[in-house]
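Structures incoming, each one as structure tokens.
What follows is a pair of complexes built around chain A, which joins chain B in one and chain C in the other.
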Partner chain A sequence: MQTILLRCARMARIETARYAPRGGLALAPVTGPPPVWRAAPIPPLLALPLEQQAGAPAIPCVAIGGHVRRGQCIARPPGPWDAAIHASSSGTVVAIEPYPVALHTVAPRPCILIRTDGADSALAPLPPCDPARESREAVLRRLADCGVVGLGGAVFSTAAKLARAGAPIATLIVNAAECEPHIRCDEGLLAHAPEGIAQGIQALSVFLGQPEVLVGLKETLDPRPLAAALDAAGLAAVRIIRVPARYTAGAEDVLIRLLTGREVPRGALPMDISCVCLNVATVVAAGRALLAGEPLTARVVSVNGRGLPESVNLISRLGTPVSAILAACGADTGPDERVILGGPMMGVELPNAEIPITKASQAVWIPGPGDLPAPGPEHACIRCGACVTACPVNLLPQQLHWHARAADHDALIDHGLDVCIECGCCDVVCPSQIPLVARFRAAKVALAEVQALDARARWLKGRFVAHETRLDARKAHAEAQPAARREDPRARLARLRAHRTHKDADGRGS
Partner chain B sequence: MTWVMLAVWTGLFAAFGAALAALARPRPEETGTLAAALDALLPQTQCGQCDYPGCRPYAEALAAGSAPPNRCVPGGSLTRNRLIEQLGICDAPERFPAPPVPAPTVARIDEMRCVACTLCLDACPVDAIVGARSWAHTVITEECTGCALCLPVCPVDCIVLEPAPPLHAWRIPEPLHADDLASVRAHGPH
Partner chain C sequence: MRPPPRLETPHWPHARPVCWVMTQVLLALLPGAAVTLWCRGPGVAVNLALCLATAYACEAAAMRLRKRPLRPVLGDGSVAVTAVLIALSLPPWLPLLLPVVGTAFAVLIVKHAYGGLGQNPFNPAMAAYALLLVSFPVAMTRWPAAAAAWDWGAAWQTWTGGMPILDGLTSATPLGDVRTRLTLTHTLSEIAAHGGPVGAPTGWMMNGAYGLGGLYLLARGIIGWRIPLAVLAALGLCAIVFQAVDADRYPSALFHLSQGAAMLGAFFIATDPVSASTTPRGRLIYGAGVGALAYLIRTFGAYPDGFAFAVLLMNLAVPLIDRLTIPRPYGSPRDD
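Right, the complex of A and B next:
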């Protein structure tokens, strides 16, 4: 009887989202057995970029030739709550130099290169940091020191995110919507590490003042392991809400709307409507950092696609080259194979399989021959409005397209270019095959440049005014002197010469 | 009667036309604000390449209607378009071709040759040169606009213009080229 009651209680917590998704795409679901869960071997060389997706580059705190151990901080960022960078295995720092990595696009960026020694010796973990006892600053410092960032792809420092939450938070949303096909890392965590998720939820809800906790779970995923782990951790109040397996359901603002019906206003953050949304992997990392004192040195990478015997969730050290990940999954790929870091919608095609994975790398995908066809020729916009219907963040992509072509920066700001999440839905539905997102990215860069120029002009104006004021003041000062002291330069020269001749004559006389 | 009516109407139209024309023209008391608005659109390099002795004098000439809107060299077509918009000129782009924007530069002082005469300190409109008499001068690269006004005053010609570093660090990097893979070959596992 008790078991049945408990089961009823557990089942009652699993709900379906009441709010309908807006826009987005119903992409073909990836079918097949659940992914295999295993750890990747440690590669001979790790490349850890000093820049993360957001924030200023970190400053290395190790020397070339120095020995590092797993979990040792190797670079500290300048921002107060920015996430630190740690060695993901033990070895020797061989270089700190530009190395090709995938940040925004694939390009050489400053990296710390570590030649691993295979021993994988780790630093002793930090003492636990219990949010119930420690101060708010101590918890945030721990999260930043342990390098915890948003592992859903944004790589924004979790400490910085939580530090912005001034008022008590009403709702903590755990994002397990995982909406992009061929990305299955959250699925692996839900199946194999539900206890870690429960611990993370517990630690974070204590820190945030016991908010309502909602887990946004993709409807095709099994909620039972997580529900069982939450029960075991005594988190009976957590609600698991199943959201449609529709693309962009996992975008932060979209998920908040799906689960709570509340809209994050433009230019505002989820904090402003008393919400904090964290990816499920971030919750696990935060829990480990606080309770076990472990820095973030590895992440789950979902490896899928053609030529792979099975779908694999690989626990990979940060900085592992994609080639090593593919080899660990038994990929039978030729040198000409296309490799995508990320999913089919937002991923980056890699020119080279030596690119290392970062905290942002959720998946490695090898497209089949029919996947990702080259885009056809671009035609004129026929104003069909399909992109408007598809846009999950309520923009008018066709208007943005016109304004981007006209470089009308004010209109681009008015139409919310900054709101665009670059999800690519408009690209997919456009019957004229206009590369809209590529245009918007370029327009964002152009807009940022114009804004930087304007800011510089205002700054220079201030300096120019200061310069003029200084020269005027000096002139006024000179004019205020008595006329006798304002000697004609020629007269002054003559006087000095006469003085000198006189002195010389004196010298000779004595 | 008809002629009288025609004359009255013509007079009325002429009066309204004259009134509208007078209203459309910037009034003397408005010229100051118009000049300030135009000045705010200029890049404030104070370089004098527009043949006016600074951004504000050019803005005042624009407001008075005595200068064309395409004289700002560092501003290029962006500044020209903004000036045209602010001035309310209609058929402008064809009439006022934008000057080609030269690559941004910054000044550099060869400190070994500098005689520390301080002449360039006052010549720099944005106080981007530090130094004192008998102390070698140097340029604060971040503040330098590359206006070249310090070059002619230098008695020993020790100032040169060099390509400016990129304006802001946040920039989506250029895609990878084959040459960039050298570091992979040097360190990558084989």
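Right, the complex of A and C next:
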């Protein structure tokens, strides 16, 4: 009887999102058994990019040839609340040099290369940092020092996020909506590390001043392990809200609207509406950093696609090359296989499989035949409006496309180009096969350049105007006292002569 | 050899290309075209053939003149939709030159002079219809009676530009018939007592068939619900209001929705995406404008039906409507 009551109470806590999604796509759901959960072996070479967070790159603090241990800080954060980077296994630093990595595009970026020794000896973990006892600064310091960043792909420093949020915060949203197909790492965490999630939620809610906690859970995922872990941790007030298994439900802004009905104002961040949104993996990493003193050295990478015997959630050390990930999953892939790092909607296609995993890498996907868009010519826009229906943030992509083509920057701002989250929904539904997302990215760059020029022009104009005002004021001042200045011309001449004689005498004397 | 990596996202196949959309529109026009052919005789088929041939020839010529590749444009099927819509709006027996002139005008001037597919501010089919109607008012308002639809002798004379059809062999459309008789100070009840307006049952059949095709397009998600609903609602609402004022002078909403180009206009012509409004609210306004103007032109104008001019007038208003109905982007203040 008691168990039934308990179960009822638990089920009552699992709610369905009250606010309807707007736009988005019902992309073909990934079916099949739940992904296998296992760890990747240590690769012979680790490549750790210095740019694993939004913002400036980290500053290396190890010497080439030096030995490092797992968990050792190898690059210091550049800013006060930026995240550090740690060695993900023990070994020797062989180089600090540009190495191809995939951030938004694939390009050589500064990396610390570590030749692993296989021993995987680790530094002793830091002492626990209990948010209930430690100061706010100490907690933020710990999160930054342990390299915790948003693991949902945006890699925004969690310490910076929480520092900006201030306390108390009204709502903590835990993002387990995982909407992009072929990304199943959150699913793995929910099934295999629900206790870690519960601990992370507990630590963060203590830090944030006991906010309302909402877990946005993809409706096809099993809520029971998490509900049980939350109950065990005494977090009965945490609400689990199921959100549609629809693409872009997991985008931060979209999820906040789905769960709370509120929107993050344009140009603002969720913290500005007293809301903090963290991915489940980030919550786990934050919990580990605070309670176990463990820096972030590995993440779950979801590996799916053609030639793979099964769907795998691989616990991978940061810096592991994609080829090692694929090998660990038994991928039957040749060197010519196309590989996408990330999901199909927002991921980056890799030129080769030696690109390393970073904190932003949620998934590795090998597209099968027919999974990629057929290359074809772009047709004229017929203004059908399919993109308008698909846009999750209420834009008119087709109008944006026209204004981008015309480089009409005012119209682009009016139509909300800055609101675009580059999700790709408009691109997929476009019958004319227009690469809209690519256009919008280019337009954003162009707009930023124009705005920078405008800002400089405004600054220069301000300086000019200030100068003119100063001159005018001086002139007006001079004209305001003409009587004082007016003197008899003869007297003036005499005065000047006297001055001259005096000066000459001075010159002769010296 | 592995192709170079795509720099663009998303890595997901595109849905339904333009040619698929256009094919679906043509498919949805099939029942309406078949019923029209059955009701109005083989002249419709002649018009269809003429319009299609002219349209493809003009499209090819225009692309050649503009030095653009031919294949993608001829393959996308948009020009076929324009041609079929023109052919289905024309009276069945016409001098052969008329469909050719109309279609050539639609493709060369209305479409390509403005920059081709996607750039034309006016609906090409309706612009062609309007051109023919104002230039050849006699030929364009002479609809053969059902008995004359299969009269090949008369047809031959019409094709060659003659004026052979005797009064007994032509008839007005139901809309025109009602209006003519109303201007002759008949009341609607008197018209009903004399067997109702001429040809009303064929109007029912054709509109029913076009309506079915339209529902198919809605079900396939090729057109949105906003424009057709707004057109039909505005047309019906106007009819209801005027009928409430004077039931003996103004026919019912049912009559208006079942006659003339109501369904063809609402589902196939007003929904032409290129010349219609593109914002969700704008589409409601645009559709309502088309429906209301069509009613007014039908009722108080001198033309057999009002859809062509209603659509063209609303096309003119589209840039303004689009500008005033930009949806609020996520996160923007609610009070704009």
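Criterion: the second predicted complex is superposed on the first by the 447 of 510 C-alpha atoms of A that agree within 3 Å, B and C clash if a C-alpha of one lies under 4 Å from a C-alpha of the other, contacts with A are read in each partner's own complex, and residues count from 1 in each chain.
Following the convention adopted for this analysis, a contact is a pair of C-beta atoms (placed from the backbone, for glycine too) under 8 Å apart; a residue touches a chain by one contact, two chains touch by 3 or more.
Predicted model, so just to flag it, every value in this text is computed and none were measured.
Touch criterion met: A:263 reaches chain C, while chain B stays clear of it. Contacts of A:305 after superposition: neither chain B nor chain C is touched.
After overlaying the two complexes on the shared chain, residue contacts for A:152 are found with neither chain B nor chain C. When the shared chain is aligned, chain B comes close enough to touch A:45, but chain C does not. In the overlay built on the shared chain, the residue A:457 is in contact with chain B alone; chain C does not reach it. Once the two complexes are overlaid on the shared chain, A:107 sits against chain B while remaining clear of chain C. Of the two partner chains, neither chain B nor chain C is touched by A:21.
When the shared chain is aligned, chain C comes close enough to touch A:388, but chain B does not. Note on chain A: of its two partners chain C and chain B, the one contacting more of its residues is C.
In the superposition on chain A, A:422 makes contact with chain C only, not with chain B. When the two complexes are superposed on chain A, the residues of chain A that touch both chain B and chain C are 105-106, 351. Interface residues of chain C, counted against chain A in their complex, comprise 1-18, 20-21, 72, 76, 78, 116-119, 224, 273-274, 276, 278-280, 283, 322, 326-333. Taken together, the chain A residues at the contact with chain C in this complex read 27, 105-106, 253, 257, 263-268, 335-338, 340, 344-351, 367, 370-374, 376-377, 379-386, 388-389, 392-396, 398-399, 414-416, 419, 422, 424, 427-433, 435, 437-438. For chain B in complex with chain A, the touching residues are 39-40, 42-46, 54-55, 78, 122, 124-128, 143, 145, 167-176, 180-181, 183-184, 187-189. For chain A in complex with chain B, the residues that touch the partner chain are 43-45, 56, 94-95, 97-100, 103-109, 113, 321, 324, 351-352, 354, 441, 445, 448-450, 452-453, 456-458, 460-461, 463-464, 466-467, 470-471.
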